[in-house]
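Two complexes follow with chain A in common, the first pairing it with chain B and the second with chain C.
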Partner chain A sequence: MSLPQSLRTSITPPELEFIASQQLIEIIPLIAMEKTAFISGAFGPLQPPRRAKIPLWIAINLKLKKKCHIVAPEWLSVEFLQSRLDEELSEPGYSRLPFRYAEVSKVLLDVASDDIQNTDKIRSLLKDLREARQAKSREGLEELNRSELSLSNLSSMEINEIRPFFVHAMGILTHLHRDASTED
Partner chain B sequence: MDNDYFSIDAILAENQKVQCKFKQRIPEMGHLGGGSERDITPLNKRQIPIWLAYIIIYSDWADFDIPRPFSNKVRNALRAEPRSVRLSNLVGAGTGWLGDEQGVEMSEMLVTTFKGRLVDVIDQAQHFAALGPVGGGGGGGIDSAPQMFREGLDTTERELFVLAQESAWRMKKWYEESSGGTKRVS
Partner chain C sequence: MSSSSTSAMDWEAQYAAGVFEANTAALLRSGKSRKSRIGSLALDSDDEDQDITMASASASASARARPASTAPILDTRQDDESPISQLTRHWINERHAPDILPAQEDLLASLLDHIRRQSDAVQLLRGEPSASEEEHIRIMLVQMEVERVKFIVRSYVRTRLFKIEKFARFIMTDTTIQTRITTAERAHASRHAHLTDRHFHTSVLQSLPETQSHLDDTPIFMPPMITKPDDSRAVFVHALRDCPPIRFHEDLTLEMKRGHISLMPFSFIEQLLVRGDVELL
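What follows is the complex of A and B.
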């Protein structure tokens, strides 16, 4: 393989951000644009002040050129994240969050912080969520068995973070255990 | 062990030497021990690599002593507190092993040890992610207990450590860089 060793085990976070940027998001355009064909599909037309749904990467691009306002998705609000955080802290499993919440939230907070209310509170809530879920992963590490591992409701960034470690550890456990099963 | 014919780890593990006490006289094999004798006399102790010892013991030409990593003393220490044992000095290239009645107990003990140390490995790796990618560490102000644990890591544990450290470092770097700043505004 021509990939360097460090990249063979997992995807990089910027790549995940790139993939997440294909999700649709709602904007309030400030300029008009006709229905335009892109490789992934045709989007538009943009007719201010009507809202439109376009992929996140176009939204970011327009926002940086100050040509639109981004409408925050409903899960990126203090009430939603707070309720999820409480659920996270009280229940043993992981709470349900949008699969790519980490990437989308980081991008939106960086680019469109003026379109979102309470960005500081949201940032701290997201950080707490991430740490709570990481603590749960650590506890789950002790129940690691060699054949399967199912952790529901993990987000894509979290899966990517723990995948190389967990897979390698499970391989080692298989290797150690095989000696026992070959004895009769 | 038959499946590991091509595995480098298994080859290295099987190359480790184990103390054997020969029971019979074997002519003209004195060179195995590196000594100057022509024959191996009974009750003679030699160090034999595991792949050779396997057949010798199976054919009942010698008895072997369990090598130091798997002695009872170490086993009890591991059972008490997996993290406090410095494995790096004891286990050379791996933990592949022969099978006999002790094999099952041995592998269960290995599994428990491994899982017990695993959480610590990942904790330390995440802590070290803050110091930069592979090669960071060794700064002043780190207290001695984690450092001793790190020095006592087995080879396979070191690989896991590096994996976890790298992924934690990548995440940290990504969170700190801004998505909006790198794009050009026209």
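What follows is the complex of A and C.
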């Protein structure tokens, strides 16, 4: 078939990572490169040690070849994540995190852990955040009705995680309502 | 928290504004080879599967049919959104929408053309024997991006193809859905519907009594036999700008502000999606 079964209902985590890799990130290059015209735009020139902004996928590629250092985004730090975790635990809504924080932080921690400080602490904070937010999503299921559920500040990976269940549940509620109204 | 959070949220502003930085068309076109003609879009590598050739054939047909400047299908935000991020958005929308969305022929045509030009440039640069290591990395990155874009194009076309095959019979009976697909896609739907019809007929239907031997029967207490898009399926919506209020039923309306994320049935946001006010997540 034209689309494999596994891709029909939802987008997959590797695909989300693929999309997140189009975001720009700052690097400190170790090689020089002229300004280059890519399909997504012109990037460069790279002149060590001047910082440059390039798409994440290029940064990962250069990093794996040891041709650059990645500058960790400001939100990927112990202070920032700790403050968001405190907010997450004290406030009812989801705290404001970058929309693709899960994908970007995973890629960066996998590939460029030597460019990030306190990786162990960051890993555990990310895990705590994830769990706190997951718990909220589960509670949010109570508020599900047949027409609408607002989920502002939920991140892309989290949406993907709750998608199958929430979409199915809403479908059932719609059906129940339809059946009830036809019986009237 | 406040000082660090404001700068860290730069990217949210970026995301809301269409995720990726805008391009200068002049730079994009500064590749070494400019032999491109829109008419010949055939991708040169031999591993292209059929769906790509189908897309490029229809895309080139449309490109010839009308000048690129009068393209009502393309939304007005192309100034601040690069073609790649536009296609990525359409790809994700298509993946999540239960129905078939309007075709993006012109966008696809220009991107396929761009892919071809980039590939030509890579071929040309590869031939130079004196390339340094830096130059080598540069060529490899450009090549890699071409493959990434091809992946998006393929996945987009395959998603549409999947829906077209699934709803083939419905497409042939419904004229509004036909306005949203390309000529090539319509031809494919027609062939597919015809083939499955014939198959069902020879394998089962012809041996059934006359009253039950049609595919478009609507027996009571049974779901119809023609698969239709399920507009009531819920989707996750992200408002790209402030939207007019949506009325769900008598006592529930919702006005989505820019950046709002919500789960709701597809039918309520279909118009907003086509206008580009919202995207699916």
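The working rule: the second predicted complex is superposed on the first by the 177 of 184 C-alpha atoms of A that agree within 3 Å, B and C clash if a C-alpha of one lies under 4 Å from a C-alpha of the other, contacts with A are read in each partner's own complex, and residues count from 1 in each chain.
In this text, a residue touches a chain if its C-beta (ideal position, glycine included) is under 8 Å from a C-beta of that chain, and two chains touch if they have at least 3 such contacts.
Computed from a predicted model, the values in this text were never measured in an experiment.
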Partner chain in contact with A:R96 - chain B first, chain C second, else both or neither: second
Greater residue coverage of chain A in the superposed arrangement, chain B or chain C: C
Contacts of A:S2 with chain B and chain C, given as first, second, both or neither: second
First (chain B), second (chain C), both or neither touched by A:N61: both
Touching partner for A:E79 - first (chain B), second (chain C), both, neither: second
Partner chain in contact with A:G41 - chain B first, chain C second, else both or neither: second
First (chain B), second (chain C), both or neither touched by A:M170: second
Chain C-contacting residues of chain A that also contact chain B: 10, 61, 65
Complex interface listing, chain B residues touching chain A: 95-97, 99-101, 103-104, 106-108, 110-111, 114-115, 118-119, 122-123, 156, 159-160, 163-164, 166-168, 170-171, 173-175, 178-181, 183, 185-186
Residue numbers on chain A that touch chain B, as the complex places them: 6, 9-10, 12-14, 17, 60-61, 64-65, 106-107, 110-111, 138, 141-142, 144, 157, 160-162, 164-165, 168-169, 172-173, 176-177, 179-180, 182-183
Chain C to chain A touching residues, read off their complex: 1, 4-5, 7-9, 11-12, 14-15, 19-24, 27-31, 51, 82-85, 88, 92, 95-96, 111, 114-115, 118, 133-134, 137-138, 141-142, 144-146, 148-149, 151, 155, 158-159, 161-162, 165, 232-236, 248-249, 252, 254, 259-265, 268, 281
Touching residues on chain A, where the partner in the complex is chain C: 1-3, 7-8, 10-11, 15, 18-19, 22-24, 31-34, 36-42, 57-58, 61-62, 65, 67, 73-75, 77, 79-80, 83, 96, 98-99, 146-154, 156, 159, 163, 166-167, 170-171, 174
